Each structure stands twice: as structure tokens, then as C-alpha cells.
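Next up, some structures in C-alpha cells.
What follows is chain A paired twice: with chain B in the first complex and chain C in the second.
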Partner chain A sequence: MTMIFIFLGLSLLLSYVLSRKQPTLGAYFTIIASLAGLISVYLLRNSVGVTESFYYLNFQITTIGWYFAMILLTVYFTSAFFNPFWMDELIYPAAYNSLYLLSLVGTIGLFFAQDLMTLFICWETAVWSSMLIVQQGKSRQAAWVYFVISAIGSMSTLFAVLLTMYLSGTSEITGALTYFTTAPVAGALVFGAFILAGLTKIGIFPFHVWLPLAHGSAPHTFSPVLSGGLVKMGAYIAYLSVAVFPAYQVFGDSLKIQGVPLPIYGLMILGAASIVYGTLRAIQQEDAKRLLAYSSVANGGYILIGILMMDQMAFAGGLMHLLNHAVASAAAFLAIAAVAKRTGTTKMSELGGIIHRMPITYTVYLIAIISMAGIPPMGGFVSKWLIFQGLSEKGLILLATAAAFGSIGSYMYVFRPLSAVFLGQLAPKYEHIKEANPVMVTAMLILTAMSLLLGVLPNLVLKTIAKIQIELGINPIIVNGTATLTENGSVDMLQVFTVFGFGFLLILILFMVLPKSRRVGLMDTYTSAEFIHTPELLHYGHSFYAPFERLYEKWPSVLPLYKRMSMKLSELGEWAESFFFHPDPNRAVLWIVVVAIVVIIGGAQ
Partner chain B sequence: MWSPVWLIVLPLLMAFISVVIKKQQYLLLNLSILLNLAVLYLAPQGMVIIGGFRPPFGISLNFDRYAFISLLLIQVLMLFATFIAGPLAKKYGTVLLVLLAGINGMLLTNDLFNLFVMIEVVSIASFIISTSNGKFTHTFHYLILASVGGVFFLLGAVMVYAYTGTLVVQGLFATLGQLPNAISLIPMMLIILGLAVELKLMPVGSWAKNIYGNSNVLTGPIFAAVLAPAFGFVFGRMMGEVVVLNPITGYTLLFMAIATFVLGELAAYRQKDLLKTLAFSSIAQSGLAIILFTLNLPFAAILLLINNALAKSILFWVATGVSTAYETSSMKGLRGVFYNHRILGITFSIASLSLVGIPLFLGFYAKVTAVMAIFTTGLIWIPVVILATAIIEGAYMMKWLLQLWSPAKEGHLASTEEVPEKREALNMTQIVAVCLVALILFVFGLVPQRVGRVLSVASQAEISQVETVAEGGGQ
Partner chain C sequence: MTLMNFIYGFLAVLGAFVFQTSLTGINRKVTARLQKRRGPKWYQQFIDIFKAFSKSSITHGWVYDFGAIMALGGIAATVIFIPVAGMQAFPGLDNIFVISYVLAVGMLGMAMSAAGSGNPWASIGVSRALTNMLAYDIPFMVVVFTLIYQHNTGSVSELASIQQGVGILGWNFFKLPLGGIVSVIALFGMLGKKPFDSFIAPAEIASGPMVEYGGKQLGMMFTLHELMTFIEVSLILNLFFGGGETLLIYMVKYAILYTFTNIVSGVMPRFKIDQAVTFFYKVPLGLAFIQGLLVIYLGWGY
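Let's look at the complex of A and B:
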């Protein structure tokens, strides 16, 4: 395992050197390096329990760490296929390539960390290296917000880590965190500080503000990694906070709602708020990348709720949703990136009819959003279904309602780019664009195949999840052949797929047999020779859901709150500066005397 | 033959010679720093009694591990600072020699009155150096405050002598501790206030804003990386050997230090000028070092001082270099300059990441050590304050990094056309020197435990007192 880190460390240096000579070469090298990482981590699947030390960093292979690492590596590997084609858009391509691999090292290290210090070091490495990548996109502000929100999480983690190390006298994660079974008060504090990091990184309401900014303006090749990959670091922290940290014992005496301790239930409510808020905001977006970013907020809510449940079904669903969302979201972002490469925009009202020129990209996007919305027979359906099962079994109606709302709402927001970007009329300026090049298509098809496979044979993954559940001492999810069994019933996705497959075939035959539709050009309008000054307003992708959006367009947004907080801090700084750092030396002399008098009077008593 | 006395005498002697042979003052300066480094290594550690008079009648120098570490840091940074400042350092060669003698004296002396004299020597030298940017009102501001501070310090020393009949620094707290609380309180407060001016402690450190904020390639590093740690180390010595705190003085000092730290960072957060940002950041970091010394956690404080000195020297070299070259230090004017100066940009990034305390850098080790050490005092709220403030510090340093690296307008991809026209910020030899310091910082970050082992010996030398404010105050 140490060898993997050394290899990746060396390859990041090598990719820097190569990129200095020829950026594209360095970018191709990131594909090779991440593939090598993927394969070598895959080969570790049977080495659970092995510990290794590298200098003062200690690592241990665990099933859950392996699972997370595989997800991240898949996303990094497939996104790397896009890197070579974006080198000319970046001002520091060599830095991009090496930071790409550095952030990979950081995340993989996080999942395999054996002690708290290693965990934190890897966490921070991933954060700052990815921030420096985001800044190469369209917005410095976005990179900055990403860093600041992450820093809130980082510093609270650092506090938790150090307090835990101080109190428990050990830094080994399991040993240190289980110490709090006997110290519930300190435990509650540490839990709060720890989970805060998870919330900021997953992008749970109200810490979600960085996602639309960072995902929306990062280089197109890095958005899939942010959404599909780095967000999952937060999920890992959430996992550590409830599964390794004895959260249910620490809060054992607190008020319980349907058997869930109040603080944990409160966090689930935040997860539910993210689902609802992310969904509603995603519906409003004009930019495809920002839309997908908000959908990540909503999906983060599902993942958080699932993990916090710590039961047989929802927990399995949460962990599986991690993978499903990573794969689907990476595919969707990559599809949008491919479109942006050809058209130069991600604004939906400037696009349309791309299906006629990029049919494969369209298919990739379609399958990705089917999975995201949780429609069978894709992977997303299975994980959302498991989460529903878990929630309804425990009678957590409020959360189940939010989850259902999010599922239905996701139909609306995923359909918007599908319709506005891919369907409809093709603008004349895009008449001559071509399908994404074979390298990009390969990456997208890998992810699409995975989405489909996860939908048809979810048990491939559920077996690993069952192993994790057994390690944690909770009832494992039961799989039987192709069927997944729960207490409320079972589902056999292969059967579902067969049914859907037949339906699809039937429609395909009808489509082939029936007469073809006639294409109408975009300029073939019905304005009766009147000149159109603002054609973009007539684009059907513009204000797509206007009547629905009007219901909540006046709702307050969270970002202004942060802006005001930042302004208040600046004002406080300004006050301190004008009050204590006045250019007049008399004032400072006065202060010396005042302090002396205060102390002398105070001390004499 | 090899005695630490040379550390003071040599620069002073050279200073006198340099008045006579003006042309060679730069050479004499570098020569004396190099000789000082040799003396540092060859001189045996221990107490040196000058002239054969035993204290309290004679003067003694305390050349222990603590003094050694601080002197080594100062000589090395002084060497780099004078080398990189080049022509400016040549002009101020004599003054810099006096400054060096003063600082070395300050760090070595074992006598409270001598310490006052040395502080005055250092102050006068730094007044003169601070005029090199031509902003005399700011120097005047500094002069007034430092003089008042000096008087307070002297008064404190006189009172200590009146009450105890001795001025020997080592172990003075034991004698002072026997005095009634109300009597020891006043001299202690006077001494602390006297030092507080130089330590830039709020509300008496207002001079620092403009002296640091208008610095050039000589004054910035000298103030931030040589004077700041030097006074930090002196304060540490005072806290370890002299100052007796009771709850009133202890908490006042702690409160002032925390206010300096938090408000200093907030003031830095709002700055749109690179040098002013660094100025307030220095003020704030000084506050943090004082928090640690006040809580009697010298190891963490020393680590912090060293990290700060190394990081700030790099930041000031690069910042003053580019702001002189591009004739602006505003955020807008400097946008994307690192595209032209990659190497300086990388050193600046390393220094700022270390300053903020990001893992893999020395600053992280310093931060962790500080927080862990404060936990042992039982004051859990202080780490909360420190870490919350670290978010603000990280926020403004990152904002600068992002702006300095990226020439793009907000909302657009960067293109090379927007990069400001390239001008020479520092020449090749200067860049190599900055890189060397950055390399030292980087390597320290890679082997933090080794650095820690060396420093822990130094911090044990400093600890004569073990009580802290938290554990009940008065002795």
C-alpha cells in the first residue's frame, strides 16, 4: 500500500516534468497513473487488516476504506481521460496535472488512514490541492469559498482530532474514538466537531454554498472529480462519526425519535433539508454544471441520511448510493464537459438539439440521469429504494417524505438539461460540431456501463457492503443470487431489467417502423418576418420551469448570509484597525497608560 | 578564546571600523555575521561571567540552549536579509551591525538593566533602518511608542532592583515570588508593558501597521523575521525567569494577547494591500506567541516563532520585491504577477501555507503542538479561539495566493494576455537566496519531529518556572 503512495507521489512529479515539456503528454500520464492506482488498490481487496507505516503516516486497509478508495479512483481515472483536451485552456497545465494526482493521493490516504493525524493530513492535502485546481477555472471567488467552507470543516476536525488524541492518549482511529463510550460529554463535543467536517465537505445545507460555485466554475475536467469524488470524503467522515465513533452509545441517554437519538435525528433533518433545498435550487438553474452541483447537494442528503441510519437497509443504501452517485454524476458532468468542449458553453439556453451531433454523449447523459433520479433499471434506483425501505421501516415519515420529494423533483431537474441541451432544435452555429473524440467517449462509456451494471446486478456491490455491515456488527443486507432481500420484500433487478428491456425493444421497433419525424430548423420560426432582438428569450430552455419556480423564487438564499458574515468580520477588523492602530502616536501612549492604570487598580484590591 | 561575548563585541567592533572605512561596511557586516555563526558553534554553552565579578556585582551572559537556538535563527536570517537587501544593506551597514550587536546582547544578557540598554540600542538602530523607506512620520510614531515603552521597562527594572536588590535575570522569579502580590504586580506590569510595545501587542503596538505596511526589501524582513522573533525570545526569557504573574496580570496579558491575535487577523482579513496584510498578520502571530509564553508553553512558542520568522522573511522578500517592481502592493495591481515569477510564487506559496499551518509544512506541526500543549492547561476555549481564527488567517492568505497566481478576471478563464508585463522583482542571486530559506522551511516541514527534538532541549532551558496562569496564577 505504501508502494501505491510512493508510486503516485513519484508519478505526480513525473507528470509535472512531462507537462512542462508537453502539457498533453503529462495529462495522458495522469490517466496511466490513476489506472495503475486503481488496479493496485483493487488488488488489495483481500489484504484487509494489513497495516503499513510510511514515515510518521500510518495506514491500514479496511473494507470500507477500500470501497471508498475504489470509488474515488474510478472517478479520477475516468475523468483523467478528459484532461489532455483541456490543457490549452489552463494557464498552469503542469500544476494542474500534478495537483490532480496530489489530490488523488490525499483522498486515497484519507480512506486508508489508520491514525487521526494521518487522516487529517491527507484531508488537508486533498483540500488545498483541489482548491488550487478550482482556481484555474472561471472563478477565484469560487475557489476561495470552497477553501473557506472546507477550512471550517478542517479546523473543527483538527480540534476534534487533537482533543481526542489528548483525552484518549492514542491516535489510532478505532481505539481513540471508542474511548468516548465512557466519556459521553466530551464525546458529544468531539462528535459535533467531527461531523461538521463531514457536513461541509458533503455540502449539506447550510454548508452547501461552495458546491454550485466550485463545481460550476472549476475546469470542466475537474467538476466530475469534485462532485463524484471529493464530496465523498465528507461521507467517509460522516461514516467515521457514526460507525466508528460510538455515536449511538454517546447519545444513548438523549431523547429519541423513533429510536433515533435527537442529535443524530437533527443531522438527518439537515440531510432532508439538503434534499429538498438542493432539488428546488437545481430546478431553477440556467447553467447545466450548476444544476448538477445542486443535484449533488440533494444526493449528499440521501447519502448522509443513509449512513446515519446505521441499520440493515438504509445504511446499505447510503453506501451504495455513494457509488451510484459518483458514477452517475461523473458521467453527467463529463457529458456536459464534452458538450462544452464542442460548443464552448454550459448555459442551457445557448444550446439545444445536440443529440443530432453528439448521440453517444446524449446516451451517456440519459443513462446517468436515469440513475440519478432513481429510475429502474439503473443503480440509483436500488440505493434510493433501500434508503426508503430503511426509513419507512423505522417509521421516519418526515425524512421519507423529503426523500420522496427529492426523487420526484429530480425528474424535473435532470430532464431540464436533457431537453434544453440535447433535444429540440440545433442552432445553426452548432451545425458542424462533431461527436466527442474517442478518448472522451471511452471514459463516458465506462461510467455508463458501470451505471447499468450496478442497476442490473446490484448484489456485486451489496456483497461488499454486507461485509462492512458485518464488521460493524449490524445486520447485513441479504443477497440471494440476483435478488436483494429486505424485511419488507425483495427486488430482483435482473427481472426488472428484463421487463424494461422488453419495453425498450418494443418501443425501438415501433420507432424504426413508424415514419420519421421532420426536422424543423431553429430559424424556421413563426414570427412573421418580425426581427427577433432577443432570440435567447425565445429558446425553450429559458425559464424552463417558470410557473413552478415562481412558487419559491423569493425564498431567501444562504449565500448572502455568508457574505454578510464575511462583511461583519471585515468591519470588526476595520474597527480594530481604526481604534487600536490609529496613526496618531498620542493615542497609543494613552493606551499604555490606561492599561497600566487598570491593572494597578485591579491588582491593588 | 571562544566566548559568547564575541557575539556582541564583534559586531560592535566592526561597526566602529565600518565608520572609518565606509566602503567596506557591507563586507564587515557579512564577515561579522559569519564569524558570529562560527562563535555560536565553537563557544561552550553555559554562564559567562564578565570581568571576574560574580553577579550581582558583575555582568553575566547566559549562553544556554535557548539562547543558542534564538541566536542561530537570528544570525542566519540576518545573513539572508542583508544579502538579499543588497544595496540597501550596504547603505545601512553600520546600523545593521549595531542592530546585530544589540539583538545578540538582548538574547544573551543575564542582567535586567543590561537588557534595557540592549533594547534601547536595538530600538535606535531599528528607528534608523525604518527611515529607509522615507516615511518619517511612521518612524516618529514608532520612536515615541518605543521610548515610552523603554521608560516603562526601565522603571520596572528599577523597582525590581529596589525590592530585591538584584538584577540577575536567572531565577529572579523566585525572589520576586516571595514579595507581596501588590508589590510585585507593578514592576511586572511595567516590564511587560515595556516589552509589549516592541511585541506589537494591542493596544500599544500601533506603530507596526505603517512600519511593516510600508516596508521595503530591507525593513520588511528585518522587522518581521529578525526583530519580531528576537523580541519574542526575549519575552519568553522574561516569562521563564523573571515575570511573576498573578491572576490580574496573567489574565490581562492573556486577554491582550488573545485580542491582538484575533483582532489582528481580522484587520489583516480586510486589507487589500499585500504589505498591510502581512503587517497585521505579523501582529496577530506575535499575539499567538505571547499567548503560548504566557501559558508557559515555551516549546510550542519557540516552534511558532521559528516558523513565523522563516515564513515571514520569505513573504516579505517576495512581497516587497514584486511591489517595488510593479510599483503597487494592491490586490488589483498585483493580480497574476506570479505568472511572471514562478519561482518566487512557489516560495511565497510554501511560506504562506506554512504560516497558515497546512499539513506537510512546519507551521502545521507548530499549530498542533500549540493546541495540544494548551489542552494540558485545561483552557479548552483557547484552542477553539485559535482554530477559529486560523480559518480567517487561511481565508486571507488563500485569497492572496489565488489573486497573485491567477491573472484572470473573475468569471473568466485565465489567459496569458492579461498577465502584467514582466519586470525584474529580484535578481537571480536574490532568488536563489530566497529559495534557500524556503528550502529550509520545507525541509523542516518534512522532518518536524527532528526539529522538535532539537527545540525541546532549548525550551527546557527556558523553563525555570512551571506554574501557569491557568493553574491558579500567583506563586
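Let's look at the complex of A and C:
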């Protein structure tokens, strides 16, 4: 395993050197490097439990770490196909390519970390490298916000790491965290600090502010990695703090709601709030990338709720949703990136009718949103189904309602880009654009095939998840051939898919038998006796859900609160600064003397 | 999964189509009587559909056709999943979430096809239809969650058979009256019956999603509407009115429930779409929550 890190470390240097000479070459190299990483991590699947050290860093292969790493590598590998085509749009292409691989090293290291210090170092590596990439996008402010919110997460992780190491006397993750079964009060503190880091990274309400900004304005090739990949780091921290850290024992004495301790239930409510908030905001967006970013906020809520449940169904659903969302969201972001490459915009009201020029990209986006909205026969359905079954089995009706709201609300927002970008009238200025480059199409088709495969044969993944559940000592999800069985329901996705195919076939035959239709132009439509000759005027792409949006457009936002906080903070900084930095040099000398005295007195004791 | 399953499935789709289309025809007469007209012949709906099938038609590109096929195909598949009087073409595939989400495939296909026509009226209609769905489905889902919690199963046929054998008071509609009322109101939303029909509002947005259809595509949309009605009414019937012990009882109950929605719809005005959302989130959602809390925390309805 150390070899993988050394290899990726060397390849990031090599990609830097190559990119200095020829940026595109370096970008192609990121594809090869991430593919090599993917294959070599896949080969580790049978060596669970192996530990390795690399100077001060200690790593261990675990099933869950392997699962997370595979998700991340899939996203990195497929997004890398887009890198070569964005080299001329970046200010520092060489830095982009090497940071791309550096953030990959950081995240994989995080999932395989055996001790807390390694965990923290890898976390920081991933955060910093991705922050520097976000900065190369449309907005510097986005990178700043991303950095500040990530810093909150980093600081609280560092606090938790140091406190845990101090109290338990060990830095090995499992040993250190299980120590808290005997010290619930300190445990609650550590749990709070750890989960805070998780929440900021997943983008759970009210820490979501960075996510739409960063995802919306990062370079088009990196948004899929941010949304499909890096957000999952937070999910891993959430997993550590509820499954490895004995959260249910530590809070065993607290008030319980349907069997869930109150602090954990509170976190689930935050997850539910993210689902509702993300959905409502996504419906409002006019920019396709920001819309998808808000949908990541909503999906993060599902993942958090699922992982916190720690049961047979919802936990499996949460872990599977990680993969489904990673694949679907990466595909959707890539499809939008492919459109942006050809048209130069991601604003939905400026696009339209792209399907007539980019049919494959359209199909990729369609399959991705079917999965994202949780409609069979795609992967997203299975994971949402498991979460629904788990929540209704426990009678957590409020959370279940939020989950249903997010699920049905997602039809609304995912249909927005489908309708405004791909369907509708084709503007004359896009008359001559072409389908995306074959290299990009390959990457998108890989993700599409995965979405479909996960939907038809979910047991391929649920088997691994069942293994994780057995390791944690919870009742595992039962897989029997192609059927998935739970305590209160079962589903056989292969059969569902077959029946769906059968229905489709019946209607296809009916359609073929009936008289053939005559092809007419898009402008040849019923317009209530108006004469309209401008396609743009016949395209309904702006304020798609206006009547619904009006119902909540005046709702308060957390953003003004954060703005006021940051203003006060910077004033405080200026106030403190005014003591030390002054045009008069005497002031500086005074402080040097004061500090020196304090040090001397302090040292004397 | 043998060939017989598929043949049964095909027959189920055909039977549902014939039954519901006849019922729609009869209900056109019922509506007419409400409005002091005589109304068309009971088989007029069949004539309309087959006439549309035989006419020449236009297409606005492949997604316009593909969406229509996907819509009707998805809905036909959903009909196969529906348990009717304990009979199922594919036993074990009747999980409530599977049914309600496979139904979404059909809706997505229809929305895609309509938006693919390039007509803004169609897009407005789709936007309203999706908003309407978000309105009625949440209260209904709360009730469904309550049912699954109470009976510890998500299978529609099991939920139906639990209610049978103890007479009319065994029905969930009487055991959980608030939930029952919510689901019947939600049924109006699902069927697009007044007062929740703003997404097809013929005089206002030229029939919304349906505006561009003609010929065989229109015929397919009519068929889709009949099958979708069958799915939605059957779902409420199975969940709250005990399904049916025999096919005859099922059909009688079905006819009564459907005619009831039609009669009520006949005397209703129309909500604007935002009014529909506000209504559903105030009254039915509140009732559904009260019902859920009563069942989960006070054990009502066992």
C-alpha cells in the first residue's frame, strides 16, 4: 500500500514536470496515474487488516476504507478524462495537474489512516490542495469561503485528535476512540469536535455555504471531484465518529427518540434540514452547476442520516448512497462541463435544445438524474429505498418526511437542466456545435454504465456493505442472488428492470406498428395564434418554477448572519492589530520588550 | 420468472386498460348528468383513443417519440406490479416504494417528451405538474410511512390482505381515518382532478403537457392517462379500502371510488398551483402528521 502512495507521489511530480513542458501531456498523465491507483487499490480487496508504516505515517487496510477509496478513485479517474481539454483555460495548468493528484493522495491516505495524526495530515493535504484548485476557477472569494469553513473543520479535528491522544494515551484510531466508552463526558466533547469536521465537509446545513460557491465556481473539471469525491471525506469522518467511536454507548443514558439518542437525533435533524434546504435552493437556481451543487447538499443529508442510523437498512442505504451519488453527480457535472466546453456557459436560460447537437451527453445526463432522483432502475433508487425502509421501520416520521420531500423535490430540480439546457428550442447561435470529444464521452459513458449496473445488480455493492456491517456487529443486509431482503420488505432489481424492459418493449412494438410520423421543425408548434419567429423567445428556461419559488423567496437565509459575523471578526482583528502595528516605531519596541519580559518571567518559573 | 408471468403481465395491462377506459366512458356520462347534459356513449373513450391511433401525426425529434414510449412503457410496467385482488403477475415486486417510483419513470418520460416538443405551454404544464406532485405526495408519503411502521411491511398486497376478513371496519380508512382522508385528498391530486388540475388547464395553458400531441402520440397519452388512473386508484384502494377478496368486489369498490372522485371533481373550482401547494402543506400534511404521531406514540389503530 505504501507503494501506491509512493507511486502517486512520484507521478504528481512527474505530471508537474510534464505539464511544464506540455500541459496536455501532463493532463493525460493524470488519467493514467489515477487508473493505476484505481487498479492497485482494487487489488488490495483481499488484504484487509494489513498495516504498513511510512516514516511517521501509519496505514491500515480496512473494508470501509477500501470502499471509500474505490469511490474516490472512480470519480478521480473519470473526471481526469476532462482535464486535457481545460488546460488552456487554467492559469497554472502544471499546478492544477499535480494538485489534482495530490488531493487524491490525501483522500486515499485519509481512508487508510491507522492513527489519528496520519488522519489529520491526510485531511489537511486534501483540503489544501483542493482549495488551491478551486482558486483557479471563476471566483477567488469561493476559495476563501471554502478555506474558512474547511479551517473550522480542520481546527475541530485537530482539537479532537489531540484531546483523544492525550486522554487515551494511544493514537491508533480504533483503540483511541473506543477508550471513550469509559469516559462519556470527554467522549461527548470529542464526538462533537469530530462530527463538526464531518458536517462542514459534507456541507450539512448550516455549514453548507461553501459548497455551492466552491462547486459552482471551481474549474469545470474539478466540480465533479468536489461533489462526487471530496464531500465523501466528511462522510468518512461521520462514519468514524458514529461507528468506530462508540457514539450509541456514550450517549446511552441520554433521552431517546424511537431508540435514537437525542444528540444523534439532533444531527439527523440537521441532515433532514439539509435535505429540505438543499432541495428548495436547488429549485431556485439559474445556473446548472450551482443547482447540482445544492443537490449535493441535499444528498449529503441522506448520507448523514443513513450513516448515523447504524442499523440494517438505512446504514446500508447511506453507504450505498455514497457510491450512487458519487457516480451520478460526477456524471451530471461532467455532462454540464461538456456542454459548457461547447457553448461557453452554464446558465440555463442561455441554453436550450442542445439535445439536437449533443445526444450522447443528453443521455448521460438523463441517466445521471434518474439515479439522482432515486427512480428505478438506476442505483439511486436502491439506496433511497433502503433509507426509506429503515426510517419507517423505526418510526422516525419527521426524518422520513424530509427524505420524501427531498426525493420528490429532486424531480423538480433535476428536470430543470434537462428541460432548459437540453430540451426546448435550439438557439441559432448553437446551430453548429458538435457532440463532445470522444475522450470526454468515454468517461461519461463509464459513469453511466456504472449507474445502470448499480441499479440492476445492487447486490454487487451491498455484499461489501454487509461485510462492513458484520465487522461493526450490526445486523447485515441480506443479499440472496439478485434479491435484496430487509426486515420489512424486499426488492429484486433485476426483475424490476426486466419488467420495465418488457413494458417498454410492448409499447415500442405498438409505436412501430402505428402509422409513421412526419418530422416537423421545433418552431412548428402551437402558439395560440401568435407569430413568433425567434427561437429564444419560445424557450421556457427562466424562473421555471416561479409560482412555487414565490412561496419561499422571502424566507430568511443564514448568509447575512455569516456576513455579519465575518465583519465583526475582521473588526476585532483590526482592533487587535492596531495595538501592535503602528507607524510609530516606539510602539513596536514597547511590545518587543513586553513580550521579552513575559517570556523571561514565564521561563523562570 | 417464466413466460407465464409475462403473459399474465400483458393480460393485466390489457385488462386494466379496458376496465378503466370503460369506466372513464361511463364517468363522462356521469359528469354530463351533473351538468344537465346527456353525455356521449359509454364507449366513446375507446373511439377517441383508436381514432387518434389511426390518424397521421407529427414528431418534433427523437426525444419527443422516445419520451412518449418511455412514459407509456414505464406506466405499463407499473400496472404489472399492481396487485389486484391478491393476484400479481410477478409476486414479490409490489413494494410500495417500487410502485410509486416506477410510476415516476412514466411521469419523467412524459415530461421529457412534452418539453422536447419545444412548446413553452408544455413546459409550463410540466412545471406545474411537478410542483403539484411535490404537494400531494408528501402528505401521502407520511401516511405510507405510518402504515409501514404499523404493519412492518412495505408490500402492497400484504397491506391489503391484512385489512380483509373482518368486514368494513378492518379497512385502514376506518382504523386510521385521518390518514384515510389525507390519502383520498391526495388521490385527487394524483389523478389531476379538480381542484388540483391546474397543470392541464385546457383554457388557460392549452392543455399544458398535452398541447403538441396529435395522432398516435396523443393516443398513447390517452392510454397513459387511463393506465395511470388505474395505478393510482388501485394504490389507494389496496392501502385503505382493503383491496378486494375477489376480482368482482375489487372492481365494484374501484368503480365506486373512481366515480366518487369524478363527481366531487365535477362541482369543484380550480386551485392555482401555489394555492394547491399551500393547501396540501396546511391541511392534509397536518392531518397526516397527527395520524402518524397517534400511531407511533399512542399506538392508535392496532
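Note that in this section the second predicted complex is superposed on the first by the 538 of 605 C-alpha atoms of A that agree within 3 Å, B and C clash if a C-alpha of one lies under 4 Å from a C-alpha of the other, contacts with A are read in each partner's own complex, and residues count from 1 in each chain.
One rule holds for everything that comes next: a residue touches a chain if its C-beta (ideal position, glycine included) is under 8 Å from a C-beta of that chain, and two chains touch if they have at least 3 such contacts.
What you see is a predicted model; the values in this text were computed from it and never measured.
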If we overlay the two complexes on their shared chain A, which of chain B and chain C does A:56 touch? Say first, second, both or neither.
first
With the two complexes superposed on chain A, say which partner A:540 touches: chain B (first), chain C (second), both, or neither.
second
In the superposed arrangement, does A:438 touch chain B (first), chain C (second), both or neither?
neither
Kindly classify A:89 by the partners it touches after superposition: chain B alone (first), chain C alone (second), both, or neither?
first
Based on the superposed arrangement, let me know which partner A:120 touches: chain B (first), chain C (second), both, or neither?
first
Which holds for A:140: it touches chain B only (first), chain C only (second), both, or neither?
first
On chain A, which stretch or stretches are contacted by chain B in one complex as well as by chain C in the other?
none
Touching residues (chain side chain C, partner chain A) in the complex:
1, 6, 9-10, 13, 53-63, 65, 68-70, 72-78, 80-81, 90, 92-93, 95, 97-98, 101-102, 104-105, 107-108, 111-112, 115-121, 123-124, 126-128, 130-131, 133-134, 137-138, 141-142, 144-146, 148-149, 152-155, 206, 211-212, 215-217, 219-220, 272-274, 277-278, 289, 292-293, 296
Complex interface listing, chain A residues touching chain B:
56, 89-92, 117, 120-121, 124-125, 128, 131-132, 135-141, 143-144, 147-148, 151-152, 155-156, 158-159, 162-163, 165-166, 217, 569-574, 576-577, 579-585, 587-589, 591-592, 594-596, 598-600, 602-604
What does chain B use to touch chain A in their complex?
137, 140-141, 144-145, 148-149, 152, 181-182, 185-186, 189-190, 193, 197, 202-210, 246, 248-249, 252, 256, 263-270, 280, 339, 353, 358-360, 364, 367-368, 371-372, 375-376, 380, 383-384, 387-388, 390-392, 394-395, 398-399, 402-403, 405-408, 410-416, 449
For a test of understanding, state which residues of chain A touch chain C in their complex under the given definition.
258, 353, 355-356, 359, 362, 366, 370, 373-376, 381, 385, 388-389, 391-395, 397, 400-401, 404-405, 408-409, 411-412, 415, 418-419, 423-425, 487-492, 495-496, 498-500, 502-508, 510-511, 514-515, 517-520, 522-528, 538-540, 544-545, 547-548, 550-551
